[in-house]
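Following this message is one structure expressed as structure tokens.
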Amino acid sequence: APGDTLKAVQARGALNCTSSDGNFEGFAEVDAQGNWHGLDIDYCRAVATAIFGSDDKLKLIPISWAQRFPSLQSGEIDLVIKASGWLFSRDTELGLQFSMPYFIGVTTFMAHKDLAAKSLADLAGGTVCVAGGTSTEKLVSDYIKEKKYEVKVVTFEKNTEATAAYFANRCDAYAEWGPIVAATRATSGDPESHDILSDALALEGEAIVMRQGDDNWVDIANWVIAAQRIAEENGVTSKNIDEMKANPPNTVVGKLLGVTPGIGTRLGLKDDWAYNVIKKVGNSEEMYNRNFGTESRYKLPRALNSLWNKGGVFYAPVLD
Amino acid sequence: MTTSALAIEVDGLCKYYGAHQVLHGVNLTVKPGEKIVVCGPSGSGKSTLIRCLNKLEEHQQGRIRVLGTELNDEIDNINEIRREVGMVFQHFNLFPHLTVLENCVLAPMLVRKIDRKTAEEQAMTYLERVKIPQKAKNYPGELSGGQQQRVAIARALCMKPEIMLFDEPTSALDPEMISEVLDVMIQLAQGGMTMVCVTHEMGFARKVADRVIFMDQGKIVEDAPPADFFDNPQHERSKLFLSQILGH
Amino acid sequence: MRAETMTATTEIQAPALNDSLLDSVRRDYFSSVGRTILTLVCLALILSALWFLVNWGLVNAVWFGTPEDCHKAAGACWAVITDRYRLIFFGLYPYEEQWRSALACLAILATVILSCVPFFWSAKRLPVLWALGYGLFYFLMKGGVFGMPVVLETQWGGLALTVFVFSSTVVIGMPLAIVLALLRRSRLPVVSTVTALFIDGIRSLPLLSILFTAAIILPLTLPGFLVGDKLYRVIIGAAVFFAVYQAEIIRSGIQSLPAGQEEAATALGLNYWQTISRIVLPQAFRFALPPTINQVVIAFMETALIVILGFFEITASGNAAFSTGGWKPFHTEVYSFVALIYFVFTYSLSMYGSYLERSMKLGLR
Amino acid sequence: MTFSFGNRKQRDILLQAVFLAVILTMLLIAVMTTRRNLEIQGLSVGWSFLNYATGSSIVFSLIDYDLDSSFARALLVGFINTLFLGTISVSLAVLLGTVIGTARLSSHKLVKSIAGVYVQIFRNIPLILQAFFWYAIFVNFPSPRQAIAVQGGFFISNRGIFFPMFNIEAWYLLAAIALFIIGSVISVTVARRTGRGSSLVGILISLALACIIGYAGRLADTPLFDMPQPKGLRFLGGGTMTPELGSAIVAIALFGASYVAEIVRAGFLSIPAGLIEAAHALGLGNWHIFWRIRLPLMIRRILPTMTNQIIWLMKATTIGIAIGFPDYFGVVANSINHSGQTISLIFLLIIGFWAINMTISFTMNAINRALALPGHKK
Amino acid sequence: MTTSALAIEVDGLCKYYGAHQVLHGVNLTVKPGEKIVVCGPSGSGKSTLIRCLNKLEEHQQGRIRVLGTELNDEIDNINEIRREVGMVFQHFNLFPHLTVLENCVLAPMLVRKIDRKTAEEQAMTYLERVKIPQKAKNYPGELSGGQQQRVAIARALCMKPEIMLFDEPTSALDPEMISEVLDVMIQLAQGGMTMVCVTHEMGFARKVADRVIFMDQGKIVEDAPPADFFDNPQHERSKLFLSQILGH
């Protein structure tokens, strides 16, 4: 119920979070053992850990793109962490509330190399595959219309089908959000035969989505993201966190890790929530590296997704 | 069951299907032990009449008293009547998924609440009476038409009814099987059962009927002892009918 | 009775008049120009289909290996199956616990097979059988007893989820169908009209829209304590859909009983429930058996639709199997494999159905 | 009169009242709960969203549509797509199914077993998988630059199948085709019924009328046929069948045909053997018996079952969503996602399908009544 | 058509259904213009016999010559025979989707290639002969059983056959309708048609049959003029059968 999502979650003893209905590389994917991995999944784990101290009370519910908001509205899930862009229409008409973005990217296109296309303009008469009901679909449609390109958009219920169609040559190009395009290309088996086009569409920030009207719940989401960034800024990682807790290098870390009390109660959580999150899930850098960066199959540079002091656009609010 | 001077008493019975009237004020009385044969052309309302007697059809006007009880809307009353009135149909209507014996014990067990053993013993005596005890464990589908009809008679008798209604019991049978069924019916009649029997078997009517009733267009046209009816029919329509039936 | 002897005996060969094998081949396949052409066209069709299947699926196929091996080969890439079959079969179920999922599927399979045995066809035995098989399935899957860790429904996947949705649909749908069929046949005009409206209304909707509604609208319209997990709502949706179709099948089964059956029961003094349970339903089910099996087969195939609602049943876990790890180009192989699994189930069920139909024609009446 | 539970009439009235009351209460609770739930979440159910722009594109549309079109327009596009896909694939399913159903009873054993194998395969694999399969086939045709050119201006490529089209305005073309079909059906029926006159005259007349209508709708200054021309990544001119539409049609038609075939077969088998014997005894040949006796009787017998089957296949068009064909259901699902108006849109979805069903049952019942035999009991 | 001294000549006819033999060496000759009545208990092979005569069933052993042509596997031969042999069935088998008139003109038009007008005129004369011209535009479903059977006879006659086969033409009829069909058949017999008729209507047999043939278990047990057959049956089985049929 609104205003009490946290209480409801605690009473239920489980956090209902989104997973995917297929594979969304880097964000939510299933391995051969049937386990979920990915950045979105890690954020679900982080929120669950913040609330319960560990992520074993996390319930990952497979949900299609088209159903994520209806499922949120119907109370089926507590929050949507599914690479969902912060759009005006969603924020206003759909009665949704967004956390601060945890990831940003530019929507880009990938095209078959044999077309020798440099940009979308070279694909006159061609087609682009995208997953339907997504912000990408809207962005791409708008872009094509604005530029008056003669390119057709073909939408699919799931991203899996959109990529499958692209690889099967149904479309000349595939549009998704940059990191995904890069990851898809990297794992296509033959990356050389696909080009990333020069077109770069609007920058889109992905955020955690919640129902409107529960401010405390939004605060929790925001501060889970914030805590990991503060940890990264202060060099706290899952490996050194116990030393840091034993003797905090500064007051911020002390507060963050619950050495100085107060960080928990005001959110309705225990004081060690941030400690648990970083211990179990890691700080923001560790999350990125695990899912997109050096430790992943994709090896994407972090670039804009770095913190402000490393050339990125992210920062943490002040923990005072 | 109240005893009464009359087994069946029908008074001004009218029956409609929708707007279509099929019985036009039928009057009929049957005394206990009496055997009535009903005949008449197709569509004249014979089946409808006897189906009203155990409330398989509801009537709209007139009154029917069976064994002293008037048929009305009370459920208890209907079920009580049906228990006392056995019925045998043209198409046997044995339950094909039950064996002959199960067919016979079903109703006594469920309706009369007799235990299975007693019911089976009793069923066997009736099956013997219709000369078919050896088929007790068979399914109806394995029997010839004549055998099936005899089982149907036994099944009705197992409820120990006071009155038996027959609706053309032999007309779905091959010629050779008719007599085996008629034999059973004759024997039953001689046992003193009250019987109302729709049939075109004039030999049977002559032999056992106390009265023959001739119906046409929903009315009883003639009601006479068989000797009078066959040898000296009063009405044009009965004459025509008899000539057609006995014709060639 | 005539039909019975006919079908029973035509199978046996008659002492034929001077008919050799060559003669009969000539007569059956080459007796006229049209026939000869037909024969040749058919042969060409069969041979080319076989040629392609053997080449693609067997001769040039890659059975084990990596995506790279497959890229080089001309035939099918069965390596994607051998590499990832556990994902296809068990979906998101925890890796170490997947034996439970396998056992659970076997439990349901056994239940389905046993319920095809006439011994279990009684109003007492069948429910007991299903309660047992179903309960076993549930405890194996869910765990929490005998030291098996709890596995939540959201982690169920693959074949087990398909089987679970299917069997729940039938187990809930069948009694519901009986109730609906009886209500629709009710003497009381209000009852039968309302039921008919309900049945026809649901029947005219696509199953997908019902599942969609169950998944996302029901939580809004039901009081909180009734909402339950999405999986169960979708199952209820599927069960209602199954029930409205099955209700019509049962109803027409009842209607194909000769009217005399019910009359005879009534005339013997049996009351409504006795007539329905002892006379009408047992016979109606026999008449309705072939279409019922058909409907069950359809219900089984339609479980594939829940992939669109984001469930990880076998089609979706098939999707997942090829969409990571570089297997993307080999969806045809995965789909063929999944199709084969469906086919084995549905084909054996429909074969059983037509066997029943034949044996019923012999046995009944 | 006092109430008695033992009295049948009074008990009936009571039971019906209770039944109605229970149902109404359930409905009432559902409505109230919905209102409360929506209120809590600050959502409102309304129709104003229908006028907002969708901002998303639809890959296949028979009427004008672009990003700025309203949700209402998008829904209309989806509805027309469903009708279009349904009409084509169901007609094909019925035709093919009739042929296969007939083949299943062929005396030629090879024909018979091929038809049997066909039915078993296509009946026993979920439609959605079949759709995936055909879609994979369609997108594996060569790219437009290497398109397979077929005589007469047809091109087959992974962007679709391109074919020549009349240069006639769509609505005129549609009217002309409809007129020709209806006219022919009527003249054949009339000729059959009265036994007078030849149906050929009627067919020719309707063909002439259709041509006139088509001429009236001709686009000025264009050749009669609009031929597709390869140009870059696509073809200009002509008509296109996109892979989504094509594979949906093929999937539904082939799947449906296997069901229709079984119905047709059962229909043939249900004709009393005596009628066929009587025809043989009169000396009629197999060909005449098929066209004059078996086929007309079979059609009459299967009409009711066929109605249900057609409705069922029409509903099966919703699998379009799985392969990216924007059918009504797909457009509704997408609109829910973009507008959040779940309840209103589901309501429209239900109404849409009810309308389709009503139309089919109404038409089929009319046909059934027209073909019904006076005095013939089922 | 070759003319021949005999209309039908059956010699050592054996017929099997699978391994089950239903006709055991039947011999029979029918002279042109002769009227034969075949009777016997159910399952004795009466229908099978006459169905072999126009090749609705194939025989395995023995030979059948109809109008001088031997029945073999050639299709032309079969259709030629069927054109000359009319058949009337127990269950009428009128084509329900065609009007009475269409039923009658279908085969003449398609098989004899007569134009519609001539065919219709000819059909009307036969419909008049069976006393049912007023129903020409009706569908069979709108007719009573007796009327349908008369149409069936007219339909067969429209092909101007030389021989007519009847398979229990009256046994599916209500008692009152039997006579109207028998009347037509008697009239036909008096017109000199060659007829083979399976029936249990013994009145009819007495009246028109030249010979009565009694079959049992796939064999012809007795073959005698009706007077002899009815009054002095030679065989036990015929006696038993007659007593059952004529019984009560």
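Note that the chains take the letters A, B, C, D and E in the order they are written out, and that residue 1 is the start of every chain.
One rule holds in what follows: a contact is a pair of C-beta atoms (placed from the backbone, for glycine too) under 8 Å apart; a residue touches a chain by one contact, two chains touch by 3 or more.
Treat the numbers as computed from the prediction; the structure is a model and nothing was measured.
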Query = By C-alpha centroid distance to the whole-protein centroid, which chain wins?
reply = C
Query = Measuring centre to centre, with centres taken as mean CA positions, what chain is farthest from chain D?
reply = B
Inquiry  = Report the inter-centroid distance (CA atoms only) between chain B and chain E in whole Å.
reply    = 37
Chain A and chain C: spacing of chain centres that average the CA atoms, whole Å = 39
Key: Whole-Å separation of chain centres (CA-atom averages), chain B against chain D   = 54
Ask   = Using mean CA coordinates as chain centres, what's the chain A-chain B distance in Å?
value = 82
Remark   = Flagged in chain C as touching 2+ other chains are 216-217, 219-220, 307-308, 331
Message = Quick check on chain D: which residues sit in contact with 2+ other chains?
response = 37, 136, 321-322, 333, 336, 342
Task = In the complex, go through chain B and note every residue touching chain E.
result = 41-42, 174-176, 178-179, 182, 200-201, 203-204, 207, 241, 244-245, 247-248
Task = Within their complex, state which residues of chain D touch chain E.
result = 195, 272, 274-275, 277-285, 288, 292-293, 296-297, 300, 373-377
Remark   = The answer for chain D against chain C in the complex is residues 12, 15-16, 19-20, 23, 29-31, 33-34, 37-38, 107-111, 114, 120-121, 123-130, 132-133, 136, 311, 315-319, 321-322, 329, 333, 336, 342-343, 346, 349-350, 353-354, 356-358
Ask   = What residues on chain C touch chain A, complex-wise?
value = 67-68, 71, 83-84, 86-87, 90-95, 98, 152, 154-155, 157, 215-220, 227, 230, 307-312, 316-317, 319-320, 323-326, 328-329, 331
Chain B residues within the chain C interface of the complex = 54, 56, 79, 82-83, 85-87, 89, 91-97, 106-107, 110-111, 141, 144, 155-156, 159
